[in-house]
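Below: the structure, in structure tokens.
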């Protein structure tokens, strides 16, 4: 950590800073410049808080030099993590498209959806049994019954399932129903108690970036899970909130190369939630694969006009099949397979 | 709801829209303009989703006309709600300043803090036993023991206590320890299961606005609590996330008059978390009272330099007392008392 | 336009709204719902301002139904515009990569740059003679002399040149030096006097989106140019400003499909300024082509370590050549050529 | 400046950094930590660019330690600047309210407006003759004729006038018409050629913060003006662009204490443009004065319903007079006068 003293700082104030560094078990390194005196704290600076120094008299600013995340950092773990989901590899050379409806509605809908996912050549299926909805008056998902309908449909095609866990009290139920990948939604990215609990199980977790979460906060949320012992974490960028109102969210494509550099965890993209409209999905999906994503989460509904939620962002089975064809070409262009 | 048909829409597409409106139990009203045909849906439009219409062929856009919140809306509930906290009124003419440390640390610290809060003339006390921290390696709060230390200190001065609930499984413990006001933190504003649970108890709730939550989302989160039966809700603006990096967050002062117009619930402001620096707190607190806030949440620590978290945003007891003096003058200038 | 009356609106207030609609030469269409009365204004609503109605007593809200842009709208102009730049087509099936250094520095640098641009297979060259710099103490560009060095280098390879115009008083000089494409920078996107002036000449214009400009504002800025008679406009997305601090700006990839739907003008992407780091450029450039961009603006410097500005975002000639190879594959995957 | 070397940096890479520091006339100070080696550059670091170092091999990051602004910085200029506008002091103990219509429309409108401004006790008048409008089809202002109408009305009450300059070619006309304060609008905050020109005259300048400009960028824009010799600069915060759509912009009240700390220049607030609705103006204006603003820019129109632009944000003369009364009490509460 670097502590920048203010121009008017007294010698006693500098000494207080030095004492505090030493009290934390680190050593100081003082550098007197022409306009400012700097103090470097040498040792494991994660033990120090910028705030503790910034409120000390004579201190102008304190800055961490190393990143706050450890287990999930690429530094010290140069090769990428490949998550194994019942034999399907996510994070390797093969790109995975996880498709399925926004919410589980009926057995028939899920059977048709599973057939469509399989026919399109996707190897994993998504669907929501518990739905985070802005309004208390909106459909909240079928709950446990939804998990059952989902598994019944997916097993027919041997598709591992991905579904969202919202309430920590439901974790055991998810394990009993053998959910293959637990999704943590964007709104729960900093629900720290939930992160701690999924950190204790050995199921893969897809962690979605919050609507206004920084890359650093996303990685710290992953660090919560990893710190509990569960290293099977997949990060998901799903659009961020900005000033723009012409579309729901802005897909942050830059997050892909940056995350691949900062962490060894796989990165998937959700183009359906980002744009909010089915007609935007192909362009965004292609961009994500071209930029280096390890996978995609795509909404597909056997009959979008009848969907119970997020109706206008779901592809039809036919549109999904077509998209898979064009994604295959892009994957090849960047040296991967789909 | 208004459905805007695209210029090229066919008559059959228009008819499909009309049928769907009727299927939901509403009636249509068609208006043919020079560039667009519009369809109004007459009846309780909360039963309709914009998305369902926006994915229908021939539809350009669908727009709600009425607001999605009901119980918390000022419309139909013109007089403001006054929340009674063990005899202290929040939302009436008297402005309440809720002061105390970021986190509960020791009995001595809490005793000194309670004495300072009382001496400054504040009637409610805040403090965190469970702390939402970005890093899994940071101090996470004293937990249940913290609640005990807090209550022991606050009771000495008959100060009702405000403390944050993060985990739904801890709600019973909060009730057992007789927490007076349950705080829902900014990161949990859309933790819908938590909102539903605090909606079922009869304790006042302070609901903090998420860092990038819109006014409408904040009110819908309050609606979740209200829909459960608990109408003792206090809204808190605590700074929003923007592009600016010179301070932690931007205190959204405009939210005060807008919320006072949109909802009958009381509105408090947290100037400490917004700015992130103790020296900014007085200016922001004064602005909040001048703009019409019903109360303030202010961090105060008996010894900020020794605080275990958010050290640089806490006022000293002396600074709090001084601030109360200037706030009293502002309150009078806007026809209220402190 | 739709005018939403408030629930408590009086009949006289409704009549005042109707009178104002008629005064503007439009006709009204009143629709009485269960919670609100709506008034539709039928005719060319671009003559009406939402604000005029929103301040009338009894009015809750006014909403435009049609988009404010006309000449640049895809509606009424279904085929895409192809801009011809000395025989090079931008906006057709062939994707154009416009490469070159951030700023013109020396004749030798520009000669090497032009050779590199040509060798990589690019057909257009960029470079800045007038530089918008945040600091008055930073290098402001070589000015007119820079235009001369640039033209001399580019002509050797018959490369049309693209360069930024900042000051309206310099337009004649640009014409005298036969600048092929005039670039309007992000900071000047709403410098309306500058837009009006370039609207009067018949040179192609690249209009960069402002850092926090909405899609609608970008199209209205283009409409300023088009309204003057110059329809050779190329839109450029170059990253938007958000809360994220891990990279300079967020490349808004969603803008590509949205702009292609809303306007007939070609869309190019500047991945160099968006990310701010050379190592991010290949991933972002590939994403842009995959998402449907008509062209790219890429910074390349013969010797990035010696560049006078934006040193860390420039590719080397070798890196540009490599990137062109991978972009060619992506272009083919989406049915285009490079 | 601090240069952080990456963990894998070679000795030769470190030496290259040191050489570059020396080449710029500064000296290095190397500090070897447990995880990173840091290099401090001692001397006037404004001569160094972070980017030049960040693209050197082995460098992870480079950070400026001192602020980039000099003339406008509070550091080295502890007492606040008081700008004298024909005898009216802005920046001293007295708070100035600058009121008037959005745009100059007719002589009668301006006469009534001037009378209202004077009657309310304001000492300066605002009004726009040249209007920056998002749409080329909207009223663009009366131009030079507007300046004449404005001066004629204002002189009657000896009110100095404030009006916006958009086009650098109009500066001489502004001087001929003896405009008292030149306003640079938010959209032109980084129109560097315009800043340079107003830096050469000796008229006070109100510089409005861009919609997404950081505090640092605002101060650097002021530095452009100051570097030309004109130190009579007044900064204006007028709302920033965020994700919130319930109001036009978010008034950034935190900017007031931060600017007062960072610069010696006076700070005024424009609550009319920030909120965009007349009913929000009183709350925002009171908050601004309470937070320490030196003045306000308030829209007032003798007949808001007939205003030609921004109709719904203008106060009536009566509302302005009432607001002045309450602002006077707030000013007293913070030890100032109105």
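Order of writing sets the chain letters: A, B, C and D. Residues in each chain are counted from 1.
To be clear about the criterion, a residue touches a chain if its C-beta (ideal position, glycine included) is under 8 Å from a C-beta of that chain, and two chains touch if they have at least 3 such contacts.
This one's a predicted model, so the numbers in the text were calculated from it and none came from an experiment.
Annotation of subunit A and subunit B: jointly contacted by C, D, touch as defined at the top.
Between B-C and C-D, more contacting C-beta pairs join the chains of C-D. One inter-chain figure worth recording: subunit B and subunit C are separated by 39 Å, centre to centre, where each centre is the mean of the chain's CA atoms.
Separation between the centroids of subunit A and subunit C, computed from CA atoms only, is 31 Å.
Centre-to-centre spacing of subunit C and subunit D amounts to 26 Å, using the average Cα coordinate of each chain. Multi-chain contact residues of subunit D (touching two or more other chains) are listed as 212, 241-243, 245. Touching subunit D in their complex are the following residues of subunit C: 46, 49, 51-52, 54-56, 68, 132-138, 166-169, 187-188, 190-193, 196, 211-212, 217, 220, 223-224, 227, 241, 277-278, 304-305, 309-313. Put simply, subunit A touches subunit D in their complex at residues 2, 4, 7, 29, 31-36, 38, 40, 42-45, 63, 65-66, 75, 212, 241-243, 245. Within the complex formed with subunit D, the residues of subunit B that make contact are 212, 214-216, 240, 242-247, 250-254, 256-258, 261, 274-275, 279-280, 283-284, 286-292, 326, 329-330, 332-334.
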